[in-house]
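You will see two complexes here that share chain A, one where it goes with chain B and one where it goes with chain C.
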Partner chain A sequence: MTTVLLVEDDPNQLLLYTEMLKGEGYDVSGAKDGREALRMVEESRPDLVVMDISMPGMDGIEAMSRMLSKDHKLPVILNSAYATYKDNFRAWSADAYVVKSSDMAELKETIKRVLAQNSAESGG
Partner chain B sequence: MRSDVAAQNTLVIVLGGGQGERLYPLTRDRTKPAVPFGGPYRIIDFTLSNCMNSGLRRVYVLTQYKSISLDRHLRLTWSCYHEELGEFVVSVPPQQRMGERWYLGTADAIFQNVYTLEQERPALVMILAGDHVYKMNYLDMIRFHSESEAEITVACSNVGIEEGRRFGVMEVDADNRIVAFEEKPGTPKALPGAPDRCLGSMGIYVFNTKTLVQLVSEDAKQDTSHDFGRDILPKVFARRRCYAFPFLAGREHSSYWRDIGTLDAFWQANMDLLGAPPKFDLFDPNWPTRTYHQQQPPAKVTFDEESELSGDVTNSIVSHGCVLSGCRVRDAVFSPGVRVAAEAEVVESVLMNGVSVGRGARVRRAIVDKHVHIPAGATLGIDHEKDKRNFKVTENGAVVVPKGIPSDPGFWGVGT
Partner chain C sequence: MSEFRLDIISDRWVIVAPERAARPTDFPVERRRAKDGFCPFCEGNEDKTPPELFALREPGTDPNTPGWRVRVVPNRFPAVRPDEPAASSENGLFKRIAGAGIHEVIIETPRHVLSTREMDVAQVADALLACRLRMRAAAEDGRLAYAALFKNAGAAAGASLGHMHSQLIAGPVVPHAVLTEIEGVRRYRAEEGTCVFCRTAEEERRTGDRVVAEGDRFLAIAPYASRFPFEIWVLPRRHAARFEGEDQETLGDLAKVMYTVLGRLDTVLGLPAYNTILHTAPFAMRDPDDYHWHIEVIPRMTGIAGYEWGTGVHINPVPPESAAAALRGEGR
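Up next is the complex of A and B:
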């Protein structure tokens, strides 16, 4: 089963996204900030990371940079309530950037697209 | 874009981190751009002087290997800019923000410094090599880039087909848009009407900043060597607006351009400074080359009482602090503080700071690193078989003496 790591500091949103992604058939685990996410990725590499940006402790862009520095092929989608970070050059290392919305269709579609792209690139 | 505005909106990144293995042993203790050259200069001074003369005054030099000597030189020579006016030449050691490793290639060097670009947010980024000797008004290239509405502009030089195998070779259309790009091709594509020439990339680029960040971020996810010439340009020339800027276009300065890649190229480029007119002119009032000048007395040529010989110095560069006493010097480049004693002969050689040549010693076609003392009666470059026991002798027959060599006559085979 495809594994997705959700990084989200808001417990309600974490729950909401987890349920939504489980409904899509993914094996989902959750981390509440960048540091916890880094630990979890080290322990077990997920197929995809969906990362909030604005979080206490380590923010999502920093956490993504550190993850990519160890595993440059790890697919990461940035998922933020704000479009502001779209213009941040460091955010451009992400495979995609989704602005949070009550309609989750865009996130679902983006996850599918990024997974398909990465599986095509790795020849899988 | 007006020239001054173009210059202000351009951030320069000089790649100063190459290991320079082929310049070993000159790069044993220092990075290639810091290798002394042409008397008082270091190789990087030529690129940084081009920036200064072009009005580009926001310059980051990315360093990594053995950078102490380069850092010190940048501090002493290039801290003349005014930070408060937004001008700077700053050396940037690896920040390891995007990877706990050294730079893997030119594109990776930029990728690892995306944070710096984020802070500066320039419209354009100019990427330069820190190990070339040439004069170039970069503003011409920036203007060309803007006028062509290019995303990427690559400076190119018209080079011989054989030489082209060492470069990225491109083909262009009538507007100089790149229609083909191949890195180090086995059979370089010749220029129309000139079967023995091709267009070689000089490794000098202007990028729209956003294009640059997109490309290096994409490349960082691939298993490549992370090099602009090898991995990025061959992939993107078809889908991005990539243009070639001819180095010779509208030149007011000479067409001289050398990549100081090998010891022979280093030796030759030093020799190219000699003569009248020289191939590369250091005495050009319209294009000054800046460097660090340590306080030293002027150069002096003296008469040797003992041998009753006066110095015979021809066709040479003699820096301040040199004392040449009753010796014969021809076709030589001396950095500051070189001393040559009476009856000694130095021909076709490059002697770096503080080298001394003892009485009656003979030096031919040699590159001698800093503070080496060649004892009285020693020879260098006369008997290559003997030289090879202690030193590197290049393909073209230049003997290279590294720093820290003993000055004992026995080591030099004197009196044995």
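Up next is the complex of A and C:
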């Protein structure tokens, strides 16, 4: 089963995204901030990371950057309510960007697209 | 004693207030530093940027693969867009022009270096050559009025990544700062019959007090009415209106002077944040007498507070004569 790591500091949103992605057939785990996400990726590499940006402790761009320094090919989707990432060149490393919305169709489609792209590139 | 000084080119006053700093280099500098983690500008990570527009590459290497010395890519999140149709409108007080233009990133080195000191003169020359070629391409676009070439180094200067890079934003308007300087050049020529930048270079070379470095074709000075501590201007000694018109030999000399200036800045001040900004003639300007291109280097060690915002008059605690001496390695 395809594994997705959700990184989100808002517990209600984390629950909502988790249920939505489980409903799509993914094996979903959650982290409440960047540091916890780093630990979880070290323990078990997911097939894809959906990363919030604005989080206490370590923000999503920093966490993504540290993950990619160890695993350049790990697919990451930045999922944020803010557009401030556009001023940050480090955000270029993400595979896709989704603006948070109550309609989750865009996130679902983006996850499918990034997974398919990654599978094609790795010959899977 | 503090004093007001006038920049006669921009007709702009500054207050030089040396009693505000004990010694010229006494500043709490927020040093540029390498953040841990992945860098999308480093060689080997070409898949993390949009496809390249231009690169200086080793023979036999393909676009968007390793083997480059300088790489130019479009900004993934541009401030202006090449596909925006040119359009403008005016409604009484309110004028608008569509944000049609070019926003590119010049990645100056394949290695993750934070300082010009870690590059060599040939690498700086390569970066300048790439900048010139992209400026020429922008000029040929036909819809654009001006291209701003600038570098942000360090978080306090607006950089989000330490890897040395510059940006080019070309759009349909000419910035006020350049228009003001063009007016200053025309005014001085009408009164004195010569270019004010050429006269400045001659006079600064004669006295030497504010000279930071000198090449065969360029002069680096701490300008008389410096707005910021350790502000530096790099001027062609021979009159030239536009950067993109310079030949390769001239860019080679510019590379030597920029390498020296930025290296000394980093050595003397300890990797401060800074901006470099190219001021060059607007694309449509026809009379080469009307401007003299130059590069401004602005270390970001002091804030811009209410007085500066409200009046346009900057307070500079380091006399440019002291800054130049420190950058030449004297009086420390």
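The definition used in the following text is that the second predicted complex is superposed on the first by the 123 of 124 C-alpha atoms of A that agree within 3 Å, B and C clash if a C-alpha of one lies under 4 Å from a C-alpha of the other, contacts with A are read in each partner's own complex, and residues count from 1 in each chain.
Heads up, the rule we're going with is that a contact is a pair of C-beta atoms (placed from the backbone, for glycine too) under 8 Å apart; a residue touches a chain by one contact, two chains touch by 3 or more.
Nothing here was measured: the structure is a model prediction, and the numbers come from that model.
*Asks:* Please tell me, clash or fit, for chain B and chain C sharing chain A in the overlay.
*Replies:* They clash.
*Asks:* Quick one: is A:R90 in contact with chain B, with chain C, with both, or with neither? Answer first, second, both or neither.
*Replies:* In the superposition, A:R90 touches chain B and chain C alike.
*Asks:* Quick check on the superposed pair: does A:S69 touch chain B, chain C, both, or neither? Answer first, second, both or neither.
*Replies:* After superposition on chain A, A:S69 lies in contact with both partners, chain B and chain C.
*Asks:* So the two structures are superposed on chain A. Out of 37-45, 91-99, 199-207 or 307-315, which stretch of chain C collides with chain B?
*Replies:* Of the stretches 37-45, 91-99, 199-207 or 307-315 of chain C, only 37-45 runs into chain B after superposition.
*Asks:* Of all the chain A residues, which ones make contact with chain B and with chain C?
*Replies:* 65, 68-69, 72, 88-90, 92-93
*Asks:* How about chain B: which of its residues touch chain A in the complex?
*Replies:* 96-101, 114-115, 117-118, 213-214, 217, 220-221
*Asks:* Mind pulling up the chain C residues that touch chain A in the complex?
*Replies:* 35-41, 45, 48-49, 76-77, 105, 160-161, 165
*Asks:* Under the touch definition given earlier, write down the residues of chain A that touch chain C in their complex.
*Replies:* Checking each residue of chain A against chain C gives 62, 64-69, 72, 86-90, 92-93.
*Asks:* Using the touch rule from the top, collect the residues of chain A that touch chain B in their complex.
*Replies:* On the chain A side, the touching residues are 65, 68-70, 72-73, 88-90, 92-93, 95.
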